Amino acid sequence: MNSFDKLTKLFSDFPGIGPRQAKRFVYFLLTRNPSYIDEFITLIKSIKADSALCSSCFRYFISNKSPSTLCPICNDRNRDLTKLMIVARDVDMENMEKTGVYDGYYFVLGGTVPILEKEPERLVRIKELEKRLAKEADLKEIIIAMNANPEGENTEDFLRLRIKEISGAKNINLSTLGRGLSTGIELEYSDSDTLKSALKNREHTS
Amino acid sequence: MNSFDKLTKLFSDFPGIGPRQAKRFVYFLLTRNPSYIDEFITLIKSIKADSALCSSCFRYFISNKSPSTLCPICNDRNRDLTKLMIVARDVDMENMEKTGVYDGYYFVLGGTVPILEKEPERLVRIKELEKRLAKEADLKEIIIAMNANPEGENTEDFLRLRIKEISGAKNINLSTLGRGLSTGIELEYSDSDTLKSALKNREHTS
Amino acid sequence: MNSFDKLTKLFSDFPGIGPRQAKRFVYFLLTRNPSYIDEFITLIKSIKADSALCSSCFRYFISNKSPSTLCPICNDRNRDLTKLMIVARDVDMENMEKTGVYDGYYFVLGGTVPILEKEPERLVRIKELEKRLAKEADLKEIIIAMNANPEGENTEDFLRLRIKEISGAKNINLSTLGRGLSTGIELEYSDSDTLKSALKNREHTS
Amino acid sequence: MNSFDKLTKLFSDFPGIGPRQAKRFVYFLLTRNPSYIDEFITLIKSIKADSALCSSCFRYFISNKSPSTLCPICNDRNRDLTKLMIVARDVDMENMEKTGVYDGYYFVLGGTVPILEKEPERLVRIKELEKRLAKEADLKEIIIAMNANPEGENTEDFLRLRIKEISGAKNINLSTLGRGLSTGIELEYSDSDTLKSALKNREHTS
């Protein structure tokens, strides 16, 4: 296999990319000028060097070669020590930060647990989570923030089972994100679970 | 215009139907045998005769020519007199009934109020609602149950403005359906409003 | 089952309509005023009375109670007697007429033959076609005009097999619509069959 | 802007990639191991080195550092010297080669000409095409193979205008790919242009 086909195959591994678009990427790179390619390669090298995996929440952050192993959020002593939100991926955490209303800390699981998965430890950072919880002293609430779909619910069940002993011993409350009407949703097309939650979580305004 | 074109035009008025599908409907009817057409016409005549508009909630119900002007739900004295849910359409009410958890009464507005609409009275049963609220004695909560989209929110604002005087005088609480993660929704694709509500309405389970 | 549910079920049989949209249709009719319903019923009755199935091409046409059993096209003696186009449905014929370039006659098969179908005679007017071909004296070409998909190709194979004896005996040429690039199609997403035909049918312009 | 954001921005330039997917790509790379990144960078460097732009048809080909500036197709003396197909992009040419039926040569324009474009010379290799045509001695037909959409037709018009003098002088025939029913197309949804061509290009089979 020549380098053209090899690179096409490699791009096919990128999230959401099939063989046809992968080939387009290769042609796209072929038609760039050398300075573009140089910058591309430099940036690919840089992100690894400029980033670090936070030793506390396990998200990637821009470290700029600073010796600190903590990301800015984990380093921020003004946040609420009593709350920890467990998310599946870095992007979920970023999206939650954009709301500007959550002031606790995070833990990035690094993935989700598919239904009937035999070895969830290989897919998510459950050991790292257990280690972190063992050290927590002030934690009062763990918010399990998974997608509202079957794999998200399965991951939630898995987490509950694995952390209930330690959360029970330390008297830590477990919670999950509230269900209800998401922006854009219509009543006619909502399932009963969503409507039940929307009714239960109804907002009293006057 | 011949009857073929006239019927095509009439079918084009049906919800969600364009001219091409309307024409298909006409051809579909042309190829049915006479007994099918007879049954179709009989049923169209029957639904008007068999149904009635409930004089209390304004939904259509199967009256079977009974003299009662109240639908089975409005007739059911075991439901909670203190709660009234305002929905836009009959199907919204049906979908909420399927949850099996709401035990109050309903009012069907008959539509929604588009943004910048000059004459909302022509589109929704606001006068009928005001009349009904004037007669309510035991009501403690009005749940405004609109779609989580701009037209739903505009309708909600319109309703609040129109009923706040009477609800204030009668000490009736106003509420709206809770926002949060609907079934199937992923965190990565959620907007900040949805995530904020999901965080606020989080469920504490242990 | 009450008339509401029965009419919902009947609308679910309409082409392209599921149970949810069928229910919407019923609510839509419930909210129409009596004169609308009257017109609707009158039109449904009229189309059968105003239309007739052409005894030659088997399409539905507006007969306006005239005693003729031939549609305007079959009645038009200025068209080319030597050409007959076989289409699956009335709409295909209408769409071809819109081009304004075909001047022969038509035969509407009334459907297509699914792959592995055991009794194609029940689905398409093959016997009527055979009867018509037996009477044709001036016919020189039969154009089989089916969709460019597997069911269309299967119908084409079925037709060839059934009419080859008579077309051979009468020295009638068989043809099919040309393959090539349809409006909107891009080369990158075309399959080899389409490209081969597009190459073969290329247009020499100077 | 840090390297993370810079790389996200660069990936957003890739064909068909928006900012959200671009960010996913960066996270995807962050979670790869060093050997994967090394291979990725090596391949990006290699494709430029291993490829060359054919000096005759202007497509990219795997040169493997051979000194030849001609791609295997242009180098193949068994192909038909009398035919030249002009395509917009490398992938169009590859797709045409897959049919196995075209035996002439190619010219890759490198793009298309948008409607109302003021400087088409900057977007397509028209000067290179003119230079090539000037040198052709045996050419009898130029096949303009563009997408069947407005930009494709505009490019075709542009090409005709620019090459008509030289093709006239050299007595070269101009052709375009045939229109008709593409695989999967249904008669009911075809426009008149497509049906007209399908009728004109109909295939006589017996």
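A, B, C and D are the chain letters, set down in written order, and residue numbers restart from 1 in every chain.
The rule is short, and it goes like this: contacts are C-beta pairs under 8 Å (C-beta built on N, C-alpha and C of every residue); 3 or more make two chains touch, one makes a residue touch a chain.
Computed from a predicted model, the values in this text were never measured in an experiment.
Asks: In the chain contact graph, what is the shortest path length, in steps, from chain B to chain D?
Replies: Minimum step count, chain B to chain D: 2.
Asks: If you average the CA atoms of chain C and of chain D, how far apart do the two points sit, in angstrom?
Replies: About 38 Å separates the centre of chain C from that of chain D.
Asks: How many Å are there between the centre of chain A and the centre of chain C, using C-alpha atoms for each centre?
Replies: 54
Asks: List, in ascending order, every residue of chain A touching at least 2 other chains.
Replies: 89, 91, 188
Asks: Chains as vertices, touching pairs as edges: which of line, ring, star, complete or other describes this one?
Replies: The chain contacts form a single closed ring, each chain touching exactly two others.
Asks: Please list each pair of chains that are touching.
Replies: Result of the pairwise touch check is A-B, A-D, B-C, C-D.
Asks: Which of the residues in chain D end up touching chain C in this complex?
Replies: Of all residues in chain D, those touching chain C are 87-89, 91-92, 95-96, 98-102, 141, 143, 145-149, 152, 164, 167-168, 173-188, 190-206.
Asks: Which residues of chain C touch chain B in the complex?
Replies: Against chain B, the touching part of chain C is residues 2-4, 6-7, 10, 14-16, 21, 23-31, 34, 37, 39-41, 43-51, 60, 62, 64, 89-91, 110.
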